[in-house]
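Each chain gets a letter, A, B, C and D, in the order it is written, and its residues are counted from 1.
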Amino acid sequence: MHVGLVGLGKMGANMRTRMREHGLEVTGYDRNPEVSDVAELSDLVAALPAGDRVIWVMVPAGEPTRSTVSALRDLLDEGDLVIDGGNSHYSEDAANAATLAERGIRYVDVGVSGGVWGLENGYGLMAGGDAADIDAAMPIFDALRPPGDRDGGFVHAGPVGAGHYVKMVHNGIEYGVMQAYAEGYELLTAADLVHDVTGTLKAWTHGTVIRSWLLELLVAALEQDPGLDSIDDFVSDSGEGRWTVDEAIDHAVPAPVISAALFARFASRQGDSPAMKAVAALRHQFGGHAVQPAADG
Amino acid sequence: MHVGLVGLGKMGANMRTRMREHGLEVTGYDRNPEVSDVAELSDLVAALPAGDRVIWVMVPAGEPTRSTVSALRDLLDEGDLVIDGGNSHYSEDAANAATLAERGIRYVDVGVSGGVWGLENGYGLMAGGDAADIDAAMPIFDALRPPGDRDGGFVHAGPVGAGHYVKMVHNGIEYGVMQAYAEGYELLTAADLVHDVTGTLKAWTHGTVIRSWLLELLVAALEQDPGLDSIDDFVSDSGEGRWTVDEAIDHAVPAPVISAALFARFASRQGDSPAMKAVAALRHQFGGHAVQPAADG
Amino acid sequence: MHVGLVGLGKMGANMRTRMREHGLEVTGYDRNPEVSDVAELSDLVAALPAGDRVIWVMVPAGEPTRSTVSALRDLLDEGDLVIDGGNSHYSEDAANAATLAERGIRYVDVGVSGGVWGLENGYGLMAGGDAADIDAAMPIFDALRPPGDRDGGFVHAGPVGAGHYVKMVHNGIEYGVMQAYAEGYELLTAADLVHDVTGTLKAWTHGTVIRSWLLELLVAALEQDPGLDSIDDFVSDSGEGRWTVDEAIDHAVPAPVISAALFARFASRQGDSPAMKAVAALRHQFGGHAVQPAADG
Amino acid sequence: MHVGLVGLGKMGANMRTRMREHGLEVTGYDRNPEVSDVAELSDLVAALPAGDRVIWVMVPAGEPTRSTVSALRDLLDEGDLVIDGGNSHYSEDAANAATLAERGIRYVDVGVSGGVWGLENGYGLMAGGDAADIDAAMPIFDALRPPGDRDGGFVHAGPVGAGHYVKMVHNGIEYGVMQAYAEGYELLTAADLVHDVTGTLKAWTHGTVIRSWLLELLVAALEQDPGLDSIDDFVSDSGEGRWTVDEAIDHAVPAPVISAALFARFASRQGDSPAMKAVAALRHQFGGHAVQPAADG
C-alpha cells in the first residue's frame, strides 16, 4: 500500500518511519523541505493512484488542519480517502467531512495516542467514520498500532467525529490519572517516614493495583532526576483537557477529578493569583487592617 | 454582673471594652502586664464572688487554653463557671469540662465570630453547655452579641462542645464563600469586557442574590487598593477549615467546595509544587526527553 | 418617562409593577393576552415616541430574545433604544447590537438579580453599553434598583456584553456560595452534638463573618420546614453556572469551587451514576468477583 | 523457611498458598477452625523455632491487629519477628512495635497490594522497619512479590510505619485513578457518537498513554456486563482514602483529585443529600415559594 502523509513534525515523522518499517510505501509532505519527500502537496497527490488515494493528515489542529483539508479537496479525486490523525476537536470533523464530500472524497478521523514512544511500541488508535472507509485504511492502522490482537490498540469507535471524541476523553482521563499520581508523589515527599520515594514508586510498577505505563514513566523521570530539581512546576495544557470538561458540562456529567486536574494546571502557571489575593484581602479586612494578622478564618 | 476575662489579645481586649460599654464590670488578666487589670490570675479570681464566679477564657487554642483551664481548676470553687470563648477544637471541650468537674466547676464553650468588627457591631455567638450554665452567662452574651432579637446573633447549639463545633463549621463555610467570591473576582479581572471591577462588586452589595458582609469587605479592600497590588497571594489558614474537612470525612459528608477552598490556600503557599513538577515530568517523558515540548496531553 | 416592556412573565410583571410604583409609565406586551397591555408588539411600539423609544426586553434567553430583537429591528426607528434585561449569554449581545445597529437602533444589555424579592427590595442591575445609552435608560435603572446610592445596586460595567458577563459571574459565585452553606448545613445535621440546627443558622445571620441574604433565606426555608422534608435533593441549573465554568476554562482561571458546586448539582439529578458504577465494578474486579466485598481500596 | 501466618481470610489464605508454592513452609492460624492449620495461636508459636520465629499477621486493622500483637507479645521470645501485613493506619505501627519491644520482639510493617490477583501475579509489597529485620523476612517477600527484579514489586520504604504509610498513599492514588477512568467512561456513554464503549476502553489498553492494569479490569467488567447493569452505583470505602486526605491536610498538601474521588464515593451512598436539599430550598426561596420554579440561578 502506498500512503500519502501530510505533516512531518515529530509525530508525523515517527509515523512515517513506523509505516515503512511495517512494509508500507510512504510519500511524505511537509512545508519544511528538509524533511519532506516531495516539493509540493500536489506532488504527493500526483504520486498516488487517483480515486484510490489514502492521505493521512498529521498537522496541528484548527486552521492548519482546515486549510490542509481545503487544499486536498481541490487536489484529490472522487473516491480518495483523507484521514485526520491530528488532535482536532471532534466538532471539526463533520465540517471537514462535508468539505471533502463536496467532491466525493471520503473522510476518517483518528485519535492517536502514545507520544514519542509510539514509534517503538505502536500507537493506540481510535477511529471514526464509515466502516468501508475504515477498512480501506486498515493496513495503515495495523502498521501503526501495537502488535497483538487488533482490538487491543485499535477501535472503530463510531461515525465521523467519534475518533477524536474518544481521543479527547482519553486525554481528559490522562489529566486525572497524572494528577492522582502527582498528589501521591507529593505526599510521599512530604513524610519524613518515607526514605525511598523513587523506590516506592518503582515497587508500585509490579503487582499493585495502580501499576501503569504512566507510573513507569514517573519512575524513569525520578531515576533521571531524583527530586525533579530540573523540572519547573509549570504545566501547560494542549486543550484537550479543556474540551473534555466543556463536554462534561454540555452533557451534565459530573467531572470533579478531571476538572480539578485541569485547574491545578491553570494554577501552576499563575505568577500571582488574583483570586488568592482577594481571599488574603478578605482575611485582612476582618482583621481590621492589612498589617495585622487576621484573627478569624 | 462582674466578669473575669482571661486573655487580652486583640479579641479579648475588644470584648472587655464591649462588655464594659454594655454595663458589665470586667476584671481582665493577661500575661502581658501592660494590658492586664491584675498582676496574677489568682488576683482575678480573688476579685470575684466565690461559688458564683464567671470567667471567660480568651486565649489561643490548644496548650494555652488547656493550661489556663488547669490553673482555674486549682483556683476556683464549686459552682463557679468557666467559658472557653477561644477557637478550641470541639473535642477539647469534653476534656476541659471534665477537668473542671473534678472540683464542681461548670463549663460552657462559645464560638465567637466577627473579627475586629465585633467591638462595634457585636459578635455572633454559638454556645454549648447545660441550659442553666448558659442562662448564668446570658448577661455576657447579651453584651457581646449584636443588638436586636437574641436569636439573631446567639444560639445555644447543644451540650458542651456544640459551640465550638458550629463555630468550626461556620469557618469552613467561610472558606468556601470567600473562595467563591475570589474566583468570581478573578473572572471579572480576566475579561476585557469588564471596565469597572470594583464598581461591579459594589453594585452586587444591594439587591442581588449574593449580597453579604464579606462582599462588602471585598469592596472595601478594592476601594483601598484597586488591583490588590499591595496584597500577596499567600493565604494562611488558622486550622478550622482543616478541622471542618476532617469532620466531613469522619461523617462521610461530601465537602467538595470547602475542601477545594482549603486546598487552594495550601497551593497559594507553595513556592514550588512537587505534584506539578511530577505532572510536568510526566509530560516530558511522553514527549521523549525533557528539552522537547510534550506532544501529547 | 414612558417605557415599553416586552415579556410579562413573573420577572417582567414584577418589574412593570415596580416601574409604575416609581412613577414611570409602562406599556407592557406579552404573547399571553391576559397579562398584556396591548394586543400586538406593534401596538407597543406605536404607543411610544418614535426615535426616542426605550424598550426593555424580558423574555427567555436564546431564540425568544433573538426573535424579539429581530422583530423590534423591523418595527423601531433610528435612535430608539432596546435593553435586553434577560439572562442572555454575553456573546449574544454583540449580535443583537449589530442586528439593531443596521437600522440605527441602540442597544444596552442588563443583568438583573434579585428574584421575586426584587419587586419589594429592588433589583441589582449590571449594565453594558455606551455611556449615552445607559444615561438614557437611567430613570428605569433608578426605578428598579434598591433605594440608596446608585452605585450600591447599579453598575455600568463596560461596553455591550459587559452587563450579561458580570451577571453570569454573579450567578457562578451564587452557585459556590450556596454550596458552601449547604455543605455546612449538612455537617450541622450530621453531628449529634448540634441540637438546634435552624437556630444555629439564624444566629449566624447577625454578627458573624458569613452573614448574608442567602443565609437569611436558608433560615426562612428551615423555619417553614425544619429538616427540609418537603424538598427534593434534585437541583436544577439554568445554565449560567455552566457558562461561568466554560468562561473560566477559556481564560485559564482556576475555578475549583464554582465547578464543584456545578458538578454537585449534576450529580444530584442522576438516578444512577455510570461513573460510580464503573468505580464499583473496578472494586469488584480486584476483589475477584462481584458477589464478594472488595478486599482492597 | 518456616513462617507463621495469623489470619486466613481471603487475602491470608491466598498468601499461604503462594508462600507454599514458592517453597516456604507455612503454619497458619485462624479463629475459624475450618481453615486453620492449628487449634490455637499458641500451637502456631510452638511449631516455630524460639527466638527465630517469623510471624506474618494478616487480620483486619484496628482492634483485631492490636489484640493479635498483644497476644503475640505474651507468647513470643526475644528475637522473634512480627510482620503486620494488614491495612493498619501507619500511626498504629509505632505502638505495635513498642508493645513488642517490651519483650525484645522485632516488628516490621508491610503494605500489600494486588487483591485476589496477587495469588497468581504476585503482590506489590512496601515494607517499613529496620534493615536487618527486613532482610530476615526477605524469603517471604520474594515468595509473595511478582517475579522479576526485586525492586519492581518490593520496596523498603523507611523505618517502622513507612510500609503502611506508602500503602495508604497507594490507595489514595487508586481512588483518584479509578475516578478518572470512571468519569471518562461516563463521558463515553453520554455521547451518541460513541457506538463502541467497551471496544474503546479495550483499545486504550495497548499503545496509549493511559494504559494500565485498572483499565484492563474495567474492560473485563464491561465484557462481562456491558452497561454495568448488574452493578449498583454505591461505592464503599475501606478508610485508606480518608486517611490519605487527612494526611494531605496535616501536611498542607493540596489533594484536589484524591479528595474529589473520596467525596464522589460519599455522595454515591447517600439516599438523600441534605446539602442538595438546602441548595434546592435556597433556589425555591428566591423564586418566592416552593411550588414555583426558581427564576434565578
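Here, a contact is a pair of C-beta atoms (placed from the backbone, for glycine too) under 8 Å apart; a residue touches a chain by one contact, two chains touch by 3 or more.
All of these numbers come straight from a predicted model, not from anything done at the bench.
For the pairs A-C and A-B, the larger set of C-beta contacts lies at A-B. Interface chain B/chain D: over half of the residue numbers present appear on both copies, so the contact uses mostly the same residues. With centres defined by CA atoms alone, the chain at the far end from chain A is B.
Chain B and chain C, compared by their mean Cα positions, are separated by 32 Å. Computed from the mean C-alpha positions, the centre of chain A lies at a distance of 37 Å from the centre of chain C. Chain A and chain B, compared by their mean Cα positions, are separated by 46 Å. Across the assembly, chain C contributes 113-115, 174-175, 179, 181, 183, 186, 190, 209, 214, 253-256, 260, 263-264, 267, 273, 275, 286, 296-297 as residues in contact with two or more other chains. Taken together, the chain C residues at the contact with chain B in this complex read 90, 113-115, 118, 121-126, 128, 145-146, 148, 151-159, 161-162, 165-166, 169-170, 172-177, 179-181, 183-184, 186-188, 190-191, 193-196, 199-200, 202-215, 244, 247-248, 251, 253-258, 260-261, 263-264.
Here chain D touches chain C in the complex through residues 10-11, 113-117, 171, 174-175, 178-179, 181-183, 185-186, 189-190, 214, 217-218, 220-222, 225, 228, 230-238, 240-241, 256, 260, 264-265, 267-268, 272-288, 290, 292-297, going by the rule given at the top. For chain B in complex with chain D, the touching residues are 209, 242, 245-246, 249-250, 252-256, 259-260, 262-264, 266-267, 269-270, 273, 275, 286, 296-297.
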